[in-house]
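In this document, chain identifiers A, B, C and D correspond to the written order of the chains, with residue numbering beginning at 1 in each.
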Amino acid sequence: MVTRLALLGAGRIGKVHAKAIAEDKRAKLVAVVDAMTAAAQAIADAAGCPVSTIDAVEADADIDAVIICTPTNTHADLIERFARAGKAIFCEKPIDLDVGRAKACLEVVRQTGAKAMLGFNRRFDPHFRAVRKAIDDGAVGTVEMVSITSRDPGPPPAEYIKVSGGIFRDMTIHDFDMARFLLGEEVVRVMATGSVLVDKKIGELGDYDSASLILTTASGRQCIISNSRRASYGYDQRIEVHGSLGSVSAENQRPVSIEIANKDGYTRPPLHDFFMTRYTAAYAAEISAFIDGLEKGTALSPSAEDGLIALQLADAAIRSDSSGMAVSVAN
Amino acid sequence: MVTRLALLGAGRIGKVHAKAIAEDKRAKLVAVVDAMTAAAQAIADAAGCPVSTIDAVEADADIDAVIICTPTNTHADLIERFARAGKAIFCEKPIDLDVGRAKACLEVVRQTGAKAMLGFNRRFDPHFRAVRKAIDDGAVGTVEMVSITSRDPGPPPAEYIKVSGGIFRDMTIHDFDMARFLLGEEVVRVMATGSVLVDKKIGELGDYDSASLILTTASGRQCIISNSRRASYGYDQRIEVHGSLGSVSAENQRPVSIEIANKDGYTRPPLHDFFMTRYTAAYAAEISAFIDGLEKGTALSPSAEDGLIALQLADAAIRSDSSGMAVSVAN
Amino acid sequence: MVTRLALLGAGRIGKVHAKAIAEDKRAKLVAVVDAMTAAAQAIADAAGCPVSTIDAVEADADIDAVIICTPTNTHADLIERFARAGKAIFCEKPIDLDVGRAKACLEVVRQTGAKAMLGFNRRFDPHFRAVRKAIDDGAVGTVEMVSITSRDPGPPPAEYIKVSGGIFRDMTIHDFDMARFLLGEEVVRVMATGSVLVDKKIGELGDYDSASLILTTASGRQCIISNSRRASYGYDQRIEVHGSLGSVSAENQRPVSIEIANKDGYTRPPLHDFFMTRYTAAYAAEISAFIDGLEKGTALSPSAEDGLIALQLADAAIRSDSSGMAVSVAN
Amino acid sequence: MVTRLALLGAGRIGKVHAKAIAEDKRAKLVAVVDAMTAAAQAIADAAGCPVSTIDAVEADADIDAVIICTPTNTHADLIERFARAGKAIFCEKPIDLDVGRAKACLEVVRQTGAKAMLGFNRRFDPHFRAVRKAIDDGAVGTVEMVSITSRDPGPPPAEYIKVSGGIFRDMTIHDFDMARFLLGEEVVRVMATGSVLVDKKIGELGDYDSASLILTTASGRQCIISNSRRASYGYDQRIEVHGSLGSVSAENQRPVSIEIANKDGYTRPPLHDFFMTRYTAAYAAEISAFIDGLEKGTALSPSAEDGLIALQLADAAIRSDSSGMAVSVAN
């Protein structure tokens, strides 16, 4: 049986997901919704399906699931609406920038028993998955310390910063989820500090562009996170997990792997400079995992709850930064 | 205007090309031909086009070009036939295992003025292209020496060896083309030696499984090639170009780039173990280049003549190996 | 003129310094002192000089400088004594485990105007020096974030832990100094957390074996430090400095740099497993810098004050860990 | 018992060996000989021994062995003379540039039963030794193919070229010995070709600056060698051994191992640019092995015969290059 999907939101990431659906024989895109009709039409044409509306998708009993790629401030409403409509839901992160709103949304998901998956795409990166597999295979023994380096090629525009929820909720949130993916225990304590080192305008908007964090689990496992909104050499995404028997790390990814040697030394080209090319495989794999979970009836992961927990860690980081104190996180 | 293509041969590589065509908006697969009807049908279904016959494709004035992925011994005949039919031609290497036959075929291509491109896919590997670009950009100065390491994960079955034309015509032929792609001058002299080190059966069939070669150009530029039918760690494909100002090299490709460190050291996973996963991007790019050339009316490269020259170098290698002498190659 | 040196302490590190002196034509070892006469005699014999006593060295007007390699609890006394005796002083870190005692000692150094250098050997590692030079040369622009990974191959014996002063004063102290060496600004704030993950006995002795820290400077530059008393793959010592124009990092050092590729992947041997082989070049270079400074009359660096500041940062880390608060550091 | 050594030749390499002897407790330098008295005196002073003459060393029954670092054209005479005088001999490569002369010299060594070792220092490089050890440990299975890349930072002066014996006898000779060290079988066949690509003056002197070779053993194992007198990025010295179970390779050595990442990519500094810094450890280890062999009475390796065989391979390469034929080598 083919899973029938509707795409809500025909922007950059919507297009990526539509392509992943097109290449998956187990699924079919049957409707595209976007206020920008032209964008919706382009994707619909490529998929051979009609442009539709939220209402129509909601009412269509033949649609199994929705892929929510709309702006962040619509996520919680749409999740609730389609949970009540009995559709399975894939939603881009975050559920909401407000923990309270996210909790309320999650409550609806629980009550309705809706299947919901959150788009923490990095869990599906083949290299990071291989790190996790090495841990699961016992290659590093008991996990002790995780290091995450996550740097963007350059700062986003001021318009984006304004609605982003701040560096901890917007950027570090991926690393919070990655930390949880790798630590093997829940984080119970957050220490965080942010600085404005890259772009004064970011500071004027009340945000940071550089941040360092220490997360701790109940048994004392530690995770350090290093974030920057600038990396001249590309999209810097590294993880390292240190355990009782050894370490496992994922190197950065490069579009071309050549090396030029001359009198100045040995030079390799810069990294990918865009998250969508860096994580191409991850985006495809997460949609595939969503379809797979629906087809087999297995639990969807990362879940909406994973989205809430990452958001709570972001809030803890904000409080730690402003108070200068380690902040405990209830689980 | 969309280029209308017929696929001749629905095997492994035919499927790869069909996928590349499907993802290219400038082209459309309009017919699939194969004696194995089921294979042809599967590709045709995915492309939304009919299964057809050689005769029908030849007669169809609406078909612009053919993609020839049939067995080697049919290549020359099909090239001639479709050259005469006025179709553009993309053909998998080699034109033929016999230089005389290849020359005759090339003569038909010339006389008919047919557009023909030969499937030396490695020229389209993004990493090897970046090596070539570095040379063209002057990064290594004047090219002096090229080193090509090319090792298969394991030996092919005896059935394949029997019809392969021998290691120099079957395996080294890619390296001859790569040498020409990088040396910047034609090869005028070949020294070659082969051994049976991997699999005695290969020797019993009169072939080698290991070979070393030295190619020389008129100005004295040198290229060394190292071939083996076995590499336990995967598909080993490296090139290095050394010039007056420095060197440029392309590293091996890995499906996952993690590293595990423990008491035994630092270990990275093996390389790709299959040429089709190693050269996925190259296959897509060569079909794209074919379509691009047809659309823009530019010269197709590598040409059928490039195919002939590589074959002549293979023949020279065979003679050098058997005679123990350097063999001159006329150009 | 040859600098005449006395070695106080003929243990492991004393032997290393004696060798460095022997290879430096500008200096000569003229006396060796140690309660263990046999150890002192062995070094003295190799150097062709007599075994001596503290009193005799103090009284000998022909001795220009002392190299203090005695147990930590004697450092401050010996520094004061030889400062008053008008000798130049090279002393292994730390001055003392107690900040108050270290301050008093430093006061004597100031009052006497004694030349004193502290043995933070890592500043002299050629790779770390090259990192610093790259910063000084402007290669990374303005420094923004420093990452230091420092892991021992295995935990020290309980006897050592007992007198070590704890992980922050014993192990992290090197990293505090390295942070200051690289940040380009004084650290004003410390966040630290420690865990017992490696060896319960270390916890029973009131110490940690794993620690994470965030240091901040006045302008918001950040440094993260990751410490562990265990690394199965060897002595893990890495630094990375991220700035406005790029990053510079120092890789780990290996005794042999070969790589074996087989069906399990690509394996390089483990790192150095002992700090004395890892930092061989650094130990020689620091003694050379000491002799150089004495010969040329230039300032000795790292100074005794650098030793005090690192100790103050360690104390701040201890307070941060116990209070869960960021601790400010006066400068 | 301490081995008493005389150093013949107080040039660059003589100084290196004198330092190695000084650091070895089992040996003592007791005489230094050189026509340049000042050079001899400097080494003698550092060693605390007298300057002497060839005659006096020959006549001195207390001298156990000689280290011959004089010009190449004196090697054979000195080896014969000291073989007859009953001294053990360490001689820099080559024995002589003429195979006939080398054979005659070797005959004297055999007749006198003299202990003689030839200075193929690269066998003692810790990385290359580790490659050999990996082979001996079975890590790559049966050796099949060896690749040696050996490039000098820049061409030597014309004066040196004139007396060098040509690239195959002067430069490739090290690679011939390395090939034999790694192949596990004697070379029976040589194919070689040289070019002038770097420096026309080298061509005018009848020599090459670039060369490629294929060596073959009786069972068909192959070795390719790539030589160039120029490498802008430093002293390029790599080996790779490919076998039935996998490969082992030795990477290039760098004086500093840092990496700078910026908008232009990731850059590591150039390699060592001088053979004496690249092979520092190897020089010390070969003298240590010589002393060790004398002390324990074990066979010295590489032997004078190893020197002869490498020279015969060089002659075969010269004949192969000039004739364009593979040249068989008798063993």
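Throughout what follows, contacts are C-beta pairs under 8 Å (C-beta built on N, C-alpha and C of every residue); 3 or more make two chains touch, one makes a residue touch a chain.
Source: prediction; values computed, not measured.
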Request  = Could you tell me which chain lies farthest from chain C when each chain's centre is the average position of its Cα atoms?
outcome  = B
Note = So, in whole Å, the Cα centroid of chain C is separated from that of chain D by 40
Query = Between chain A and chain D, what is the separation of their C-alpha centroids in Å?
reply = 57
Remark   = Note: chain B residues in touch with at least two other chains are 232-233, 245-247, 261-263, 269
Arrangement of touching chains [line / ring / star / complete / other] = complete
Request  = State the interface residues of chain A toward chain D in the complex, per the touch definition above.
outcome  = 232-233, 261-270
Chain C-facing residues of chain A, complex = 142, 144-145, 147, 149, 151, 189, 191, 193, 195-198, 210-214, 216, 219-224, 226, 228, 230-233, 242, 244-247, 324-326
Ask   = In their shared complex, at which residues does chain B touch chain A?
value = 126-127, 130-131, 134, 139-140, 245-251, 253, 255-263, 269
